[in-house]
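Dumping the structure here so I can ask a few things about it.
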């Protein structure tokens, strides 16, 4: 395979990984600080995408669409945090799983009820259309490159926020000792709502960015959610750094696996069985990666043992 | 008679009387509906062994339901097309015999559960939930991308598989088979819950440290419970596939895992009969709410939310009160 | 002198810069109660965890009943006869008292992977369980749900479970804690007799109990055993007095 194709696929993998990071960082923060497993995180991703599609249809502006995705998803996050989620912090994981599974049912059918079952489309703006020339003569999609850069900026912002700001100190305190932050006089319920809304906003933003590549439809969130779970299992729950490393690993493995495995089997098989076996194995590759990590590090790469 | 025993008896009587009435009234659709409830109940009983008795929150039981389904699909597909299942290293043919299919479904799903459990049980808590979900998702994508057995479209079987002496295409006769299997599974789980294994497993759920201090290893108990659990859910998968004469990757989907868990929760976690009540309730809701609105999942979500927030213990918790330590 | 049942040699454990066990050597002989005392934070819990196998030591060895158990997991040590009671009661709270003790008998007897016959109708298990309950005086509560027991009764139940294992040594982590005067006295009388069945390594804060019961006492301070000896030797030891007993009145 040519080097150019390889680099192009690697960039696609990176872009996919960055998307997963936007989902996984919220999940891992919410778990690290509040001890909550949130299955409805995928619904927030979907809400972001639908909000963006609706805003773009109404205003024609892509930037407004992105803003709408963050605002609506964060708002939905605040709403469910206050009505449902905060009753679950003291519950066991089973209750959390069930209640957030119930939220998925409500959000998915609610969205279907409002927008119908047909996919919506969110067009990427003219100023991000086309390709950009990279070194080695690679032509790469400007939009995907923009996603990578935006994601890296957000990741840097998150690291800065957690390491340097007052709110970051509180988040870290909450991860270490939930009772201590109460003793510090921090308004815990406000902190929790903020962290949840932050995660929701990031998920919504990811939904909008991806909505412009794929279609916007009910049920789009859960496959991404499950991949984000794989990411944080690999990275270690509660660790933002783990989420970033895990996301990029999963993104690269998935994307490169889909290209490389069929080619690999093509070396010693006929084309059609190589394609099918390669594709089947590629679809399993990230789970095999996860199983491999678990064998050696049951708490993930950056998890606290 | 204790309230719980009364409820158990009422459930079994209802599941016997209603289909007989539907048969007499010539309402085959209602018989099929009840068959669905009974099969879902078996799937739920399977999950309950891990979830209720072992405290293992598996969000990936669709993996076993699906494997059971595909065991039926693949065996029947080869038998009905007169193609060998495999020629190497053994020459094997497919089959359309239900008992053989059940056996294969149980063995395959037990082996799968053993493998998934051996890996997943190295972790606990929220990791375990996510990992079981991920493994089921892996099989889902595998089923979609493996073209030999229908890929995304699934696999249809022309005729329901056979059972010696019965016409399985007759709804009431197929129902009888499922009901008998339900009784068998219930009996087995009821005995196991009170056995030495059940006693120790319950202790491992409540306090693994205690179990270690008396010289036992929680991991082994969990793994055996998870394997049994997977095997029972796998049997339900084979029956479900035979009911529909169709298997598709959706049997592996995360929604399926979630629904199996809902059967357990609606009825009552950790009660032997809980999933039976839950599955009946689910089918009732599906039938009644589904008739009111195509968006009935909104109501299901609201009810589930209500049960989790306000009525932990499900139907059995509401009617029979807090579980008494059984003797 | 007979061989010790429990023989700990040169056990060390560090957490980063913090040394919680420093070259600890300690043994337990048949027929004795060996008390381990020390101020809070001296590293008693860390030591206990290394003896039971919950925490691996950095160096040193633990021999039990003639076996090197340094690298064995907790369950294997229990099967070799290490009977243990916990500082914070560790019981199956949803089970009845009888179920909890039967659990111990089952753990000791083995054969856990049997799925058909009801465990609570197994005569040999029940016999062992009831016998243990009688020894600690809990037989009247056998059908009580464990979560409804008082603090003191839970401690008694812990001891009863340990008894079902017919252990060759007991490891008791603060069995008197929270028992009250009467409860403490009762348990003391019981432990006094128990030492002839199997020796006891007793971690305890209640000095009265320690001085009345112990054949030997070891004093742990900052992860180090600073003295081991008879009750009188420990009372008169100047290092012990300055390092530890100064905080509490010795009478």
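Letters A, B and C mark the chains as written, and numbering starts fresh at 1 in each.
Heads up, the rule we're going with is that a residue touches a chain if its C-beta (ideal position, glycine included) is under 8 Å from a C-beta of that chain, and two chains touch if they have at least 3 such contacts.
All of these numbers come straight from a predicted model, not from anything done at the bench.
J.: Taking each chain's centre as the average of its Cα atoms, which chain lies closest to the overall Cα centroid?
T.: Located nearest the centre of all protein C-alpha atoms is chain B.
J.: Please identify the chain with the largest separation between its CA centroid and the CA centroid of chain B.
T.: C
J.: Just curious, how far off is chain C from chain A if you go by their C-alpha centres, in Å?
T.: Chain A and chain C have C-alpha centres separated by 49 Å.
J.: Rounded to the nearest whole Å, what is the centre-to-centre distance of chain A and chain B, using the mean of the C-alpha atoms as each centre?
T.: 31
J.: So the centre of each chain is just the mean of its C-alpha atoms; given that, what is the distance between chain B and chain C in Å?
T.: 44
J.: Touching residues of chain A toward chain B in the complex: what are they?
T.: Touching chain B from chain A are residues 31, 37, 84, 87, 93-95, 97-99, 101-106, 108-110, 112-113, 222-223, 226, 229-230, 232-233, 237, 276, 279-280, 282-284, 287, 290-291, 294-295, 298-300.
J.: Write out the stretch or stretches of chain B touching chain C in their complex.
T.: 188, 191-192, 194-200, 202-203, 206-207, 209-217, 221, 224, 323, 325, 327
J.: Tell me, which parts of chain B touch chain A in their complex?
T.: It comes out as residues 51, 57, 59, 119, 122-123, 125-127, 129-131, 133-135, 137-138, 141-142, 144-148, 254, 258, 261-262, 265, 269, 295-298, 300-302, 304-305, 307-309, 312.
J.: Could you please specify the touching residues of chain C with respect to chain B in the complex?
T.: Touch list, chain C to chain B: 52, 73-76, 78-79, 84, 86, 90-96, 99-100, 102-104, 106-108, 111-120, 122, 145, 161, 164-165.
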